[in-house]
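Next come the structures, one after another.
First chain A sits with chain B, and in the next complex the same chain sits with chain C.
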Partner chain A sequence: MKELKAVLANWEAVIGLEVHTELTTLQTKMFCSCKIEYGAAPNTHVCPVCLGMPGALPQPNKAAIQSIVLAGLATNCQIQRRSMFYRKNYFYPDMSKNFQTTQGPVAFCMYGGIDLEVTGAAACERDQRQGTRPLASGDGYVTPIGIQRIHMEEDAGKMVHVGGESGRITGADYSLLDYNRCGTPLIELVTKPDLRTPEEARLFLQELRQIFLALRISDCSMEQGSLRCDGNISLRRRGSEQLGAKTELKNMNSFKNLHDGLAYEICRQAKVLESGERVLQETRHWEPSARRTVSMRIKETADDYRLFPEPDLAPYDLSDEFVASVRAMLPELPAARRTRYLSDYELPAADARLLAADNDLAAFFDSALLAASANTDGDLSASGLGGGKGGQAKSVRLVTLAKQLANLLLNDTQAYLNVHNFKLVDTSLTPEHLVQLAALVADGELSSKQGKEVFAQTIKEGTSPRDTVNHLGIKQLSDTDALQAVVNDVLARFPDKVQQYRAGKTGLLGFFVGQAMQATTGQANPQLLNEMFMQTLAE
Partner chain B sequence: MNFTEYAALRVADIRAGLLKGDFTAHELAQAAGDAYQVMDGPLHAFLQPTPGLAQARAEALDQRIAGQSCDAANRRQKGSGTLAPTGQARFTDTVSTGNAFGAHTNHSLLPNNADLRLAGVPIAFKDNMNQLGTRTTCASRMLENYESTYTATCVDRALAAGALPLGKLNMDEFAFGSSTESSAFGTTQNPWDLSRVPGGSSGGSAAAVASGITTVALGSDTGGSIRQPAAFCGVVGFKPTYGVVSRYGVVAFGSSLDQVGAFGRSVGCVAAATDAICGRDVRDCTSQDSAANFEAAALAGVEQGIKGMKIGVVREYLSLSGLEAEVIRALEDAIGHLECLGAHIQEVELPNARAALSAYYVIGPCEAFSNLSRFDSVRYGYRQCGANNLNEQCERSRAAGFGPETIRRVMLGSYLLSSGVYHTYYYPAQQVRTLITQDYQRAFASVDALLTPVSPRTAFSFGEITDPTQMYLSDVFTIPINIAGNGGLSLPVGLGSDSGLPVAVQLIGPQFQDENILRVAAALEARYDIERLAPLYQRLLEAKGEDAYRVVNKRQNANERQRVDEKGMQSNNNERCCPAGQQHLAANNPDPENERGRAKDS
Partner chain C sequence: MYLSENEVRDIATYTRIRLNKDAVREMTVYLNEVLDGLKPITQYQLEGVEPTFHPIAGLVNVMRDDVIHPGFSQAEALANAPDEQEGQFRITPILGGEGV
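Up next, the complex of A and B:
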């Protein structure tokens, strides 16, 4: 099979995504008051409504409507004031009523879109003449991705097929049903066919996940299935405007699988087309282990779901006040956060992206800098910290501190959390302590190695970094008079090396610094030593 | 308490009697149980009697009343005065344990206490209403053994109001029909004439009230299923405006058409029962807040009259073919009475009402198709074993578990909703619905209520109507208001001059102004001196008990068989979609003919 890059040289892939997101942060289901809980004992969160018992009627969850309106506003959709629920009729045992309550032609959110930033090596996969604009940094492009609609629906239960080889229904001895998930509020977002490469699809889904996480409407776990994505994909010759026959791709339950599944499918379709055959309109299943897609069912005509307005639920008339109240709840979104980190703190682009992507880290980062600005002994109060609303001169110290903080959060903290499988809130770390530590390192009072030592103590015990420094007697030696003696001593001990250095073997500087560090049992400020050796040797 | 005394009691009498200590709830429950024992054999109104539940409720109520009594010393002993027509032991055993209901009773407890407005009132529920402790079968094989897992709001409210639940009542399968002949568990007989149908789909409810077994009954009305059987059985049946009574827990037929309502032998009884069950229910988001007091409205009709109220009549209705002369005469009599009462009679037009039938036969089956999808044999309900896979099990179980009329409706709905067809039928049907609703709005701009027939004719005999079109036409006066959503009441106005069977008129009100209906109905009711109790009890006594029941049952079965033979089309239908089902029925159903009830509407 041909390489993706080679295929994309001749073919343009047209990709649209359907993204299902369970509103897991809600307390209760879409149409009843059963609890939403992942991993609970089977069929313990069920009632007559979500079990579809005779005579039961749906009672819509207002918080779910709030969530979908949030999602719509965050993705620049038009919020439809009047929309309705519909019944999508099909027989499947995981759907207790044998119809899914979903929305019809008009969804709560219509016609939105986001600007997607594409950077890195994969940026070359797209023909960038098409409606994109280059990134300011020059290493990628921005392209608008349209969103057709976001509609509200309910999730189905889970089936476990026992016996048989595949774990799928075909060939199973029997199947078990768990209706805990049945009736969980689900929003389905449908993009326009604006995506052109698997990497764009992957980045789009990541961006969307970050937005939904920032909105706190879902835990967006692809592993647990609260974020699921199907792809629709077709190929056309570069330059052609006509859409080809598409396939629908399922089972792409991670970002990598989304990328790899689409990449495979693009190559497969190209091969089919290049051999003069036609692509069948069908649903295909991505098999990550075999790294291929297999046909699930041919789908030449659309399924007949006998959609009709749900008579048990009155049409919705969202008031302007309601929409305004939801708009007022919108938090800062990842894209805005990213821009702020870049412009206000001059964080490296990668750091800004990573920090902005994580709600907890970003909030921690922001409140740490806020704490620093509130601290009267700092010189940050005049620097526009906390608001960070451009225009004001950025203080050098602020930028240094922010960089140090980002480091501590993205490396040390993240590593600690990963090792212990903790969340940030599970630790004793406070924003005040972390910014104190960042200041100690930034001011050269601690070496970065010492910083790590103090960090370990701080996050574990919840002690303040200053106390830890005093308690453990860790202190970076920055007294130039004391250090000069050490420098002189080292140079005196290795006259031959001094000669070699002066003859041009400047790499020996590291050797001298190392000796000096040893002599001070690691407490000297290596940066300072570096300078001092250079200066002394130059004399 | 003998049957005559028991059957004479209205809801208001029961409250007052309990209050005064004339009788206990226990005695009422026993009298109801006795009436059931005597009459339900030939009548077959009940699918599941619940005498135990009624007794338990009655005893709790008696204790509650006793507990509220201020002066236990003033208790007076009261004998039950039973007359046991069948000589059953438990009748004579009911020597009262004493009514702990003293002279100094806390009088605020009952009539003014909205919580207990149905205290001691015998009630029975159509078998599509969930009630914990009972099976809810919808008169279908599919749910033959289905035990309710919760209680419907209307049932819950009636019980909370102190009513005594006598049992679950027969109906057309899933309420598809107008004669109760499509019940999978046998027909219900009209207590006025056992050779005639009680109407449907709430035929069991109407028959149970008309015979005197129960004081009130609840039913559901999708296209006339309360009003038409009420008319056929000579009792009052009231379908309030859509949304007045919660549908939660009532197995759905047509969700946008279904409405729960009450049967009684007087307007006051029906008003009291509706007061007890109406109002907003968070579990049914189509239900509405109701500030109405129907009992007060009915009382106002009697005490203050209806002078000056404007009543509309629909001229074009009188020229409909199939409308019998005695029904027209009854309507004209009613108009005369209304004029005597000082009401102004005014002609109104409902130009689109005739399209209601067509719209109904699109919307109803579509919603029914979807509502009945959940009966798939997976979680509950009838399951045919031995299938090779899930689809086959579902298909076989549905084919065998549903009767032919249900299968017809489901197939019709499935077809009407399919892509390409949807825009030809369902969509225009909804547009017609809007037009009809506007018709009523226009009419009610100038009148306070409408007076129309309920049914073009009186109760027909089993097997009498074989032409489905004629059968559909019999709902022509009731269906339009389900389409529009308004409330309607069927008021008996005596026996027809030709048939000698009960005839009724229908009163229709503006949406959510059902008080108008009850006010007019109560005023009009007072003008008629007619018997609401069917003569079944007396006749059975005269016919000497058991033997009479057997005769009735035999005749009934003969009727069934004859009818099935005439329905070749239904058999074909059945064979085509469920050969396995037929085999099953033949093997397990002792009376398979009953499975093939007629094609009719509710």
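Up next, the complex of A and C:
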């Protein structure tokens, strides 16, 4: 089989995604008041409604409707005031009432989309002559990805197939059912077939996850199945407008699997088409361990689910007030946060992206800078911290501080959290302390190496960086009088090296600085030493 | 004729009703008679009229607050189960088995 890059030089992949998200942050299920809890003892959060008992009447969860409207507003969808629920009939034990309650032709949210930024090595996989514009940074492009609809539905129960071939349904001796998950509110987002590469699909799902996390409507755990993704994919010759036969790809339960599954399927379809055969319209299953997709079932016609209006649920006619009240709940979204970090703080693009993607880190970053502005001189408080309204003059100090702070959060803090498997709230670190440390490093009072030492103490013990500095006696030596003595001493010890330097071997500067650092047990300001050596040697 | 015998056979399959050839022929006649009864509707000017196919009239936006009310205990949930194992419903093979 050809490599993806070679295939994409001749073929264009047309990819659409279906993304299911469980609204795990809610207390109760979609149509009954049973608790939502992952990992509870089986069948302990069930009732007549979610067990599908005769005569049970469903009652929709208002918070779930608010959540889906929130998701729609955040992805630029039009909120459909009038819609209703339907019964999608199917016979399978994971839904004991024999139908899934879902939406019909009209979903709560329709016709939306987001702008997707694609950077990095995979940016060249797309034919960028159409539908994209280059990024200002020059390392990628932006392309709009349309969203057809987001509709409200419910999740099914969990099944375990016992006996036979390793947990497969075929040949199983019997199956076990736990209905705790049954009836969990689920939103299904369907994109337009606007994605062109596996990398775009991966980045889109990542962006969507960040948006939903910012909205706090789900924990979006692909591992635990609260965020799931299927892909529809077909190939056409580059430049062609006609759509080819598509396959549906399942079991892509991580970002890597989504990317690799699609990449494999693109190469497989290219091989089929190039050998003159036709792609069968079928559902295929990605097997990560074998790195291949296998056919699950051939699709002849669309499944007939006998979709009809759910007679037990009243239709919706959402009021302007309802939509406005949800709009008022919209937080700052990752894309806006990213832009703010770039324009207000001039953070490096990669740092801005990483910080904006993580709610906890971003909130910490914002409140740290807010703390700094609250207790410093006028030059900080005048700079529009945290508000993100823009337009205010930037202060040089703020930019320096923000950069240092981002560095501490993304490197030192993140590393510490990873090692200990902690969340930010599990540590004693406060925004006030971290920005204090950032200031100490930014002002040259501590070297970055000393900064790390103080950081370790701060995050572990919750002590203020200033106290730690005083207590441990670590302080960067920036006193020029004291340092000049050290400089003179080093030069006196190595007269031959001084001669070589003056004869043009300027690379020896590092050697001198190293000697001086050693003499001060690492406490001298290396930048300052650099300058002082150059000056002294030039005299 | 609104419905063919083939379509009636499909409907029977969806609804899990076993019909023999004669019954399909008979039901095709009946169903077409029912649809024929709706014919007068086509004589009305219906442009711009919203469909009223939802059975609940007058009620909209019925919703409840997101508050937990305990349902069944595990024992109650499984009380009528044909079989159980470790708190779960135990059911016969879904594919290829004998069925209940």
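The criterion applied here is as follows: the second predicted complex is superposed on the first by the 530 of 539 C-alpha atoms of A that agree within 3 Å, B and C clash if a C-alpha of one lies under 4 Å from a C-alpha of the other, contacts with A are read in each partner's own complex, and residues count from 1 in each chain.
In this text, a contact is a pair of C-beta atoms (placed from the backbone, for glycine too) under 8 Å apart; a residue touches a chain by one contact, two chains touch by 3 or more.
From a predicted model like this one, the values you see are computed outputs, not experimental measurements.
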item	value
Contacts of A:Ala314 with chain B and chain C, given as first, second, both or neither	both
Partner chain(s) touched by A:Ala56 [first = chain B, second = chain C, both, neither]	first
Partner chain(s) touched by A:Lys97 [first = chain B, second = chain C, both, neither]	first
Partner touching more residues of chain A, whether chain B or chain C	C
Chain B versus chain C as contact partner of A:Asp304, first or second or both or neither	both
Which superposed partner A:Lys35 touches (first chain B, second chain C, both, neither)	second
Which superposed partner A:Asp178 touches (first chain B, second chain C, both, neither)	second
Partner chain(s) touched by A:Arg87 [first = chain B, second = chain C, both, neither]	first
Residues of chain A contacting chain B in one complex and chain C in the other	48, 51, 59-60, 89, 93, 169, 175, 177, 304, 306, 311, 313-314
Chain A residues within the chain B interface of the complex	48, 51-60, 87, 89, 91, 93, 96-99, 169, 175, 177, 302, 304, 306-308, 311-314
Residues of chain A that touch chain C when the two form their complex	26-28, 32-35, 41-48, 50-51, 59-65, 84, 89, 92-93, 160-161, 169-179, 304, 306, 309, 311, 313-319, 322
Interfacial residue positions of chain C with respect to chain A in the complex	10, 14, 53-56, 59-74, 77-78, 85-96
Chain B residues touching chain A - in the complex, by the definition given at the top	128-130, 136, 138, 143, 146, 149-150, 152, 247-252, 254-256, 282-286, 366-367, 369-370, 373-376, 378-380, 390-391, 394, 414, 417-419, 422, 426
